[in-house]
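What follows is a pair of complexes built around chain A, which joins chain B in one and chain C in the other.
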Partner chain A sequence: MGRVAEAIATLFFLVTLTFLLAHAVPDGPAYAILGLKISPERLNALNTQFGLDAPLWRQYATWLWHLLHGNLGFSYLQTRPVAAVIGAYAGRTVVLYTVATALAAVAAIGFGWLHGVFYRSWPGRVCSGIELFLYAMPGFFIATVLGMVFGSWLHVLPACGMADLHQAAPGLADRMAHMVLPASSMALFVTPWLARIFAQGVHEEFSRDYVRTARARGVGFGSILLRHVTPNAIRPMVTMLGLSLPAIFSGNVVVESVFDYPGIGWLLWRSAVAHDYPVLVGIVLVLGVATMLGNLAADLVNAWLDPRVTYAE
Partner chain B sequence: MLNKLATGAAPLVLLFLFCLLGPAIWPTDPAALNVGAPLAAPSLSYPLGTDALGRDELARLIHGGRETLSVAVPATLLAFTLGTGYGLIAGFASGILARLLMRLLDALLALPSLVVLLCGAALLPLNRVTVGGLIGVTAWFALARVVRTEIMSLRERDFAQAARQLGAGPLHMARRHLLPNIARLLTVNATFLLGDSVLALSALSFLGLGVPPPAASWGSMLQSGIGLMDLGAWWLILPPGFLIAGSLFAAASAGRMFLSEASNQQTKVFWFFSSEKNSLPSS
Partner chain C sequence: MGQTLTLSNVGVALQRGGRQVPVVENISLSLAAGETLAIVGESGSGKTTTALAIPGLLPEGATVSGQILLQGQDLRRLAQRALRKLCGARIGMVFQDPLAALNPTMRVGAQITEAIRLHLGLSRRAAWARAVELLNEVGIEGAAARAADYPHMFSGGMRQRVMIAAALACDPILLIADEPTSGLDADLKEQIFTLLARLRADRRLAVLLISHDMSLVARHADRASVFYAGRCVETGPAASMLRSPRHRYTCALLRAAPRLGGGVPAAIRGAMPEPEAFAASCRFAPRCDHAQAECVATAPALTAAPDDEGHIAACFYPATTPVAGMHVPSAAAPSPALSGESLRVEGLTVRYRRGYRSGTARVAVQDVSFQMAPGECLGVVGASGSGKTSLAHAIVHMVPYEGRVLFRGEPLSTLRGAALRRMQLVFQNPAASLDPIQTAGAAIEEALELGGLRDRRQRRARATALLEQVGLANSLLDRLPGTLSGGQAQRVAIARALAAEPALLVLDEPTASLDVSTAAGLLTLLRDLAVRLGVGYIVITHDVAVASVLAHRVAVMQNGRLVEIRNNVPS
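Let's turn to the complex of A and B:
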């Protein structure tokens, strides 16, 4: 319970900070809407219309009051409520996120097995080298190279958008094809990191007594790996997956902007470029909640994987 | 030992030499247009080809590197000062202040770094100073945490207790006793911070929110290369990308070298996921 209260306090702090920063520049929003070359009359008219001439504390109070009623504000750019804008984009990101996380988890487990089992011999070292290489590569470069190779050179996968615009009604197959490059890029950002954590776990678990005992009882290698070692080694990885949600989101912004995939990351990018402050503040709020929920989910999964783990304080 | 030092720092030294001495070795004007040869493939006269306006890509890369470093190095210094200062204060503080400082730091560490950078870039008028400042102000959180942890353990040690008994004030303690003890650790982190700053600047420039044109950093060059991807101009995409990745690698390599100097423990694992900084790279 204490943790939830703390998380909510943190979130409140963040959102307040973002709001204040966005409104700290007087006339900032008005310039953002109408451009820098506007007459003072129009500037004043707009400020009055949007209530931007009120003192900052009153703007904040009004905004907070509306927030408590589920109103996130109004997008300058798209001229519709922020909640509707975010709602329209969020679903696509959730889908992308889910596919990418599933891909990353599967790849990390496969790679981690190889790395963990051969930790000190050459296959392990090769794995380690690949992990380090991918880890050091900037995400936007990985995404760009994937797009260049598979989209532009080989022409095997679409590298732009979320559906083929030439078709009247793009089918599921088309949407899945458009998902391949963004999802695998996102997965590639996290896989080396997760695989490494998992591999370390596998390596450590293999030197434990219970593994020796199981071996002495004649349990086969596959069974030890799958039934004994993996469930124990996977827990740190799940925790990290939860903790790294903010970092994964940074990757998401990059991927969505490289592949023009219209999700939350793309929206954040376009809103930043176009100075659409209400949407920016709204996204920070939504992300904060998502991160909290993500951490909670990781805790729950961990408690389910290991009954000894409790989070009561 | 000197050998190890040299190999660890070599990539970083090479990178700086490339940017600093580049114009002397390859004195082509990066802004000179050659409309006769747009998108020329790499050849003897253009070792890395030309861009859509016929500008020499190698010269542009050299100057892009200078641009990148001229923002990233001051940003690193700023982040280093802020992180060390905050870590010192948080390590020294006690009671409610210490708790508050720690909570704030946790909150800041929980933010997706690219989101913070994008929000900041949306709010600021963009030029070298603001972009460098923004990167510096958002890059120090992990360092502050490392410094705080170290200070908290150091201040309980006998020599620190003794100095305090002798009447040493906090400033004297910090300058004469605590900071010298974490000097190596600070060097390591300063090197990593340089990598972080280059990455942050490249990501911002890549998204079109870095220093505006005519300045061109590696990130914005990579971005403009993407637009020409379908024309097969790989020489506008791979070189800037590999230079960004190379500088991250150079910073990591130098940092790891300092780190293995700092402690003889198993350091390989440490720099890869220093547990103090258990987050992914920002993008």
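Let's turn to the complex of A and C:
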């Protein structure tokens, strides 16, 4: 109960803040839609048409009222409902996200094992160095370098778009090929610190008493790592994965822009440039909900992983 | 019949601070099938290290010397792989603190079947059936259903039974149990020891039992070895050796154990040296009242006692009279004439709500009434779960309760500030109740400041005086709790409580986390403070002997009710 109320309050705050920020831009949306050289009459006409001449509180109230009825508003730029706009782009991002998250999780587990098992000896230190190095790289830099190396120089992978435009109906293989670079860039943003958290968990769990018990039972190293240590060490990583959705999304904006992949991040970038604030606010709302669902999912996975966790109703 | 386990001249060096330091040396023991050998000694004396050396479970960087024979086979010569085949199959191990020693995210059944499937190659189904059988054997009710439960769903005693079932899964010939009962209350201790005795007889197990409960060892073990600072200083038949010990350390250890009607336990002065400071001579010499020049010059060899077969001790001036009668008379503490009323509790009931919606509540304390005179010490004893801690928390107003609690004539609920601070609670786990990033001095000074002492210099001086009062050097003022030993942390917690000049101190299991000799020191201190400061205590404890040392009267709790208050028989 408390969790839901908290979630709603957070969402409300987030959405209001975004609305205010969108309206705080100097020239207002109308300029953005029609360009700076429009005549005052056309500006007024447009402001009246979109209700932009009303006082801010009134615009806010109207907008909130519509929001409560499931109406996210109308995109200035694309002249269709925000929900439809977001819907058109969301699917691609969800696919990209899923692939990237799965990649990141697998990479983080593999890397984290190596790092965690050799935490204090040289292989662990090398892992730690690589993690810190990648972590310090700016996202756009990683994405650009990957694009240049694999796309422009080696020509092994397409470095822009989401499908080959020369083909009438892009096949699955083609779509997947277009996914490789954006997805691995996104995964690269988060893998270093997911791996780090997991490695620390592995290292800590290895010093727990139950590991000694398992050894006393004759269980070998491999089974201890897989059956005992990993299920316990993975919980902090799952929590972080849930909490890191916004961080992944900021990576997603960069990646979709760099690789020209038309998803939500790309849409956010375009809408921001164009002051298309109904879409901006809509995306923030969708992201807010997604983040909360992500946290909830992480909690549920953790509850499943750890029998000691139970939630008060 | 040959021996199941023989250790000859076993030594262990552990990696400490980048160096190999001998931690255990020259240990020779033997153990036959159907026999229980107990190892006793203060914590840090090398008991666990010795036990872990047997199945090769020591931490990385450890070196073991000497010979470890399991049914004639030298375990030290076995390859890792071969040794692992023995672990869990021929050798079963039970560790202290079963909550930590069991995997929290694995069903207990799965933890039991793990060894069965590994060593006996049974199918999943057959192994599970065997696990249920084992749980039955160790006395878990409804074993078939409980096998699917997780460790946290069991109580402390039941968890330890699960550990034992897992250790016995493959019918080992040797069971090593490292302090299997520490942290359990007296009843459960007795039950676990009885269970081990039964299993040992049924299965002709050889049991190596590490424990620091001397009276349980005397009753349940066939033979006992006393460890001090990495050496075995005395070995003999458990009962007769603990009745008439020869080594001076064993005598001191026995005197330090609280006993019913045994008077104030005598703390052993000083502390056991760290392995880095181990001397070549008798390592107990700096703490020994009987030490002579010889003791600091050379190490005494283990020599046989004249009239007790198999009883050997390494002491130049062994004790010759039994120790059982040797208790120190009660401290020069004539009970103060108890009159007047400090605390009155009437119809106290504590309920815990189960969930938000369900209206059911668990009654932890039911209708408890008693009163206490100023300066009186009341012991509250009972099994775990009997409501002792809830009672204590209600008295200091930490949990909501029904009924009336009057402190010095005023209802507790109306007391504020200074009046309320005249009653102080000392928690069971001192390390956890002290702020880890606040130095001992700062913790005490904070309490003094709360009490209205504004001047910094005065506060510092008073904190130093308080530390001294609890027997700590002022060099500890700047230490963080993490760097204090359990006994020191508990004393700091007491000093902090005393900063408020309390009339009543509520102590929740003050000695539960301490080893015998540290506990004895603390009890002596508390007894002293009561006399010197006239402060009254409520001592919550599961150990009747602890209560009998401190209390004028002992209250017995059972299932939330106070079933009896009796005068403590003075020793």
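In this section, the second predicted complex is superposed on the first by the 307 of 313 C-alpha atoms of A that agree within 3 Å, B and C clash if a C-alpha of one lies under 4 Å from a C-alpha of the other, contacts with A are read in each partner's own complex, and residues count from 1 in each chain.
By definition in this document, a contact is a pair of C-beta atoms (placed from the backbone, for glycine too) under 8 Å apart; a residue touches a chain by one contact, two chains touch by 3 or more.
From a predicted model like this one, the values you see are computed outputs, not experimental measurements.
Chain B and chain C, once both complexes are superposed via chain A, fit side by side. Contacts of A:G251 after superposition: chain B is touched, whereas chain C is not reached.
In the superposition on chain A, contact is made by A:L287 with chain B only, not with chain C. Looking at the shared chain after the overlay, A:W193 reaches chain B, while chain C stays out of its contact range. In the superposition on chain A, contact of A:Y277 is made with chain B only, not with chain C.
Of the two partner chains, chain C is the only one that A:N232 touches; chain B does not reach it.
By the document's definition of touching, neither partner reaches A:A84: not chain B, not chain C.
Counted by residues of chain A touched, the larger count belongs to B, out of chain B and chain C.
By the touch criterion defined above, A:V145 lies against chain B but remains apart from chain C after alignment on the C-alpha atoms of chain A. After superposing the two complexes on chain A, the angle subtended at the C-alpha centre of chain A by the centres of chain B and chain C comes to 80 degrees, rounded to the nearest 10. Aligning both complexes on chain A leaves chain B and chain C separated at their closest CA atoms by 5 Å. Judged by the document's definition of touching, no chain A residue lies at the interface with chain B and also at the interface with chain C.
Here chain C touches chain A in the complex through residues 55, 57, 84-89, 91-93, 95, 97, 100-106, 111, 114-115, 118-119, 150, 152-153, 163, 166-167, 355-357, going by the rule given at the top. On the side of chain A, the complex with chain B involves touching residues 6, 9-10, 13-14, 18, 21-22, 24-25, 28, 132, 135-141, 144-145, 147-148, 151-153, 189-190, 193, 196-197, 200, 240, 243-244, 246-251, 253-254, 257-258, 268-269, 271-273, 275, 277, 280, 283-284, 287, 291. Taken together, the chain A residues at the contact with chain C in this complex read 208-210, 212-220, 227-228, 231-232, 305-308, 312-313.
Residues 103-104, 106-107, 110-115, 118-123, 199, 202-203, 206-209, 219, 222, 226, 229-230, 232, 234, 237-238, 241-242, 244-245, 248-249, 252, 269, 272-273, 278-283 of chain B are the ones touching chain A in the complex.
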